[in-house]
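Each of the next two complexes has chain A plus one other chain: chain B in the first, chain C in the second.
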Partner chain A sequence: MSSVLLIAHGLVVRSDLPIPEWLFGWAAAMVLVISFVGLAVLWPEPRLQEEGWRPLPDWFGRVITSTPVDIVCGAFGVFLLGLTVYSGFQGTQSSTANFAPTLVYVIFWIGLVPTSVILGDLFRAFNPWRAIGRAVSWVARTAARGPIPAPLEYPAWLGRWPAAAGILAFATMELVVSEGSKPENLAIAALVYSALTFVAMALYGVDAWIDRGEAYSVYFNLFSRISIFERRGRQIGVRKLLSGLASMEPLPGTVALVAVMIGSVTFDGAAEAPLWTNIAPHLSDFFHNIGVAQEHALEAAFFVGLMASILIIYGFYWLGVVGAASVGGGFSKRQLGYTFIHTLVPIALAYVMAHYLTLLLFQGQSLIYLGPYPKLGVLASDPLGTGSNIFGTAEHAINFNVITSNETWYCQVAFVVLGHVAGLTLAHDRALAIYDKARLAVRSQYWMLGVMIGFTSLALWLLSQANT
Partner chain B sequence: MSRNGRVILVLAAVAVAIVAFVALSGGNDDNKNSSSGKSTGGTSTAPATQRIEIKEGKPVGGIHKITVTKGDTLHLVVSSNDTKQEIHMHGYDIARDMAPGHPAEFRVKTNIEGAFEIELEETSTKIANLQVRPD
Partner chain C sequence: MLPIAHAGHWFIGLAYFAPVIGFLVWLAVVQIRDRRRGEDD
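So, the complex of A and B:
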């Protein structure tokens, strides 16, 4: 029997048109030209391995990092988490008329990505789990009249693996679970995730878990490394663009995390393409035939699709690494894999921005309306979808004319090409830094260039296949 | 990298640029001609009425694809002999009731570009994919 496809995310009311063929062709040609010219003219000595961090005026850092600012930001994060859970349980169960899905999937998940890239690791200040953890540990320290060491040390082998698992769970909720954007389910997921985070913080200490294990801290921190702004102690300073990525610690699990980041966006894009919409019903029927209930058979099919996308990204990266290892230089494949993984973060950024640009610009208006000037949107005034009008903005519908299809296409292609350039630059710089023979550096770069061109072509292809 | 290596790479880039220019500027013109031809055709003759029939809760002939140019008036009739449901056009956010003998009729000036789903609301069954292309 054939099953009718139920589309998983109920938040997307307007999807993108595919980019025109001629634009696809030009973009692909441009990527190749830029790559060759880039390799020919890029600098001969590494430049990004040192951040060149310079502090901004002292008063600025002291104000931004002061305790009152920390408390206000943290409290705002806790308030939003609380409002998400409350609206999820108490509000209407329509995903577009309730505050929770738009806050979680649009403002938080997508909106914080460009914010982190531009302003730095802002989420750290607003992170509700960090705020609660720090408040609790302050109370405990005060009661015990001294520092309380965490019962366990964060194991080195765990690295970024918990973050990879957390981001995979989020992507599964968003792209696989058929009622994943139902407000009530989001409230439950937020509570479960909070509980797990509090247990982990109690075991390993608040800061250790936030730095390594807490999925969203790690996720937004990776993107914030592109930013020129970085906090050090109580100072805020500026560094070279992208240099924060070069100084990223190559912890275990990082390759998996980046593969999950790129693979999940790939799957979301592919799910709109004919390739997947033709396969999915067959996969779903297969699961139904082996005894999975109809409503879960489609979820099983989508989970297979998600994992396959992630594994393809993971495998393709390792292929490039195996190639780069074959040129010599005495590095193991594992070493090289972790040495170059930071170069894919700009590519992950390009995937997110190209794929979700219009979702952010359109659905995001439910919270921040983009008229002639930005103001609060309908969900700010009516978070539960019950007809309240707290700020008098409940009448603002979404302005679908903030960006035309043509402008969208040019932005999407620009993101992909810029991501490619940034990835290529980082890989070039890293190769110069680790190989003592210039000839090996060049030969290893051909392999990394192959990886970049592969990911960039895939991104362009997905854009050209959207909703066809 | 040696000087020769750099020269070879720049030459490769120039070669790609030339090939792309020759291959794509031809394709580009064709594309523009055909699309402008299409859009003049679209504006001079009003788009025909689109009809979708629903049988046992599913669109007959699978999910329909409707392509219009922004500014066109879309005329869509959804009918069924056995299904009573609300038909919802997302994005434009227009809903019409449909019942046996009472088709749902849409007459919409398409002023938002993009791809939109048209669904049987209660069962979330996608019946058509509406594409509104820029003019």
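So, the complex of A and C:
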């Protein structure tokens, strides 16, 4: 609803595709079925349950994890947070001419996803809240000339619930709040979130909160588990692709978090579909008739839509789990729900990349221009939108030739198919590890295959709605 | 014309989800067949 950034997610008209778009959905489903059969025949033992982590040369790890590098990266993160807040308050209130919305909604929210998948948990180093928390902790220890009081123990039941709530709040800001991309509102949201994070870090400690509660740390960490790179202590190492997900601790709130991740992208796509545009005015009228102010009635309707999308994703996953539990093996539905939830992370990746590809490639050029070679974009030179030209790049217009509409569609289909095949592979590998009979393992996966085909069809239908 | 246009939208929408429907039908058949075999055993 607030997505008034220059390029929405797929406002391009595809032409001369060799087959109808819906037939791509059938082909994708066929790929999944063939992959399922291939896994059943050619993948008889679990291979991803052990990461097989091997350290890279010692000097590399020592340099990358050194204190100066940590400080520089953290300081850069704090600088970007500060610039976001400053430009939000002091800059123009146009969402496209101000640095804050593009940094937050495009470079940070979308761009860091593929970055995490390729390079590992990069956000941890640049996390401004972690950097400030650690700096304050260091100052407190130095001033006290000794250890400071230990923080409270992070409650086990809290798990990843705070992260799920944080990502839901972000999605609400982006998709529900009518002026959610207004720079000033983003600045206020950043300050409120920072304050809450500092209170939580003071209560539970910096590392405990960053690992489990801080929404963006948890969000990007989930994606980084797909990567082959992982930091352990002062070493950087490589592991098997996807194996980081298999070793993910299934904490309380993880299912909700992943449902929010996929459900919010689903709603962003569905909001462009006639199905929703026909329903929304009626819902809005309903809220207005029961006393909600006119300007908030549509927001209430969109919030209902967002929550409905999340619940549909949540319900569909549990349908697969209930089906898997019905084949036997002695596992409760709850156990299976947590045991297989990591398989949905590549699907969340597929949804993000497919849905926001054009937004990242086009609007992202406001900060990183993609000409013959990458260079700084207009917002780097003019972050406040006041006509300044700090780096001499204020004249860089967006290069719309980086990708054609048909290439976009092929990339989106590829993301969707690869993401779901990855999810299927993870589910198959986990099933082999937990079921004592291979036949049970395969039969339980019929249901997960159904879930994957469902998510694939939904993803491609949502993408097609951008053209409706 | 309008209802036909809407029907077109619905039909194409259904086409996207045909593989899911087909898979669920197949799964139901397999489940029923397995149950019957279990009862016979």
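FYI, the second predicted complex is superposed on the first by the 425 of 468 C-alpha atoms of A that agree within 3 Å, B and C clash if a C-alpha of one lies under 4 Å from a C-alpha of the other, contacts with A are read in each partner's own complex, and residues count from 1 in each chain.
What we mean here is this: a contact is a pair of C-beta atoms (placed from the backbone, for glycine too) under 8 Å apart; a residue touches a chain by one contact, two chains touch by 3 or more.
Small disclaimer: the values here were computed from a predicted structure and weren't measured.
K.L.:
With both structures fitted on chain A, tell me whether chain B or chain C touches more of chain A's residues.
P.N.:
Of the two chains, more chain A residues are contacted by B.
K.L.:
Looking at A:S94 after the superposition, I want to know if it touches chain B, chain C, both of them or none. Which is it: first, second, both, neither?
P.N.:
It touches nothing on chain B or chain C.
K.L.:
State whether A:S332 touches chain B only (first), chain C only (second), both chains, or neither.
P.N.:
In the superposition, A:S332 touches no partner, neither chain B nor chain C.
K.L.:
Quick check for you: in the superposed arrangement, does A:G450 touch first (chain B), second (chain C), both or neither?
P.N.:
second
K.L.:
Return first, second, both or neither, reflecting whether A:A466 touches chain B, chain C, both chains, or no partner chain.
P.N.:
After superposition on chain A, A:A466 lies in contact with chain B alone.
K.L.:
Touch check for A:T404: first (chain B), second (chain C), both, or neither?
P.N.:
A:T404 sits against chain B, while chain C stays out of touch.
K.L.:
When the two structures are overlaid on chain A, which partner does A:Q294 contact: first (chain B), second (chain C), both, or neither?
P.N.:
Neither partner.
K.L.:
Check whether A:W22 is in contact with chain B, with chain C, with both or with neither, and answer first, second, both or neither.
P.N.:
both
K.L.:
Do chain B and chain C land on any of the same chain A residues, and which?
P.N.:
20, 22, 25-26, 29-30
K.L.:
Spell out the residues on chain B that touch chain A in their complex, using ranges where they run on.
P.N.:
Per the stated touch rule, the residues are 1, 5-7, 9-10, 12-13, 16-17, 19-20, 23-24, 27-28, 31, 58, 90-91, 93, 112-117, 124-126, 129, 131, 133-134.
K.L.:
Which bits of chain A are touching chain C when the two form their complex?
P.N.:
Touching chain C from chain A are residues 20, 22, 25-26, 29-30, 274-275, 323, 326, 446-447, 449-450, 453-454, 456-458, 460-461, 464, 468.
K.L.:
Touching residues of chain A toward chain B in the complex: what are they?
P.N.:
Per the touch definition, chain A meets chain B at residues 4-7, 10, 13-17, 20-22, 25-26, 29-30, 32-33, 35-37, 39-41, 44, 358, 397, 400-401, 404-406, 438, 442, 466-467.
K.L.:
Spell out the part of chain C that touches chain A in their complex, as residue ranges.
P.N.:
Per the touch definition, chain C meets chain A at residues 6, 9, 12-13, 15-20, 23-24, 27, 30-31.
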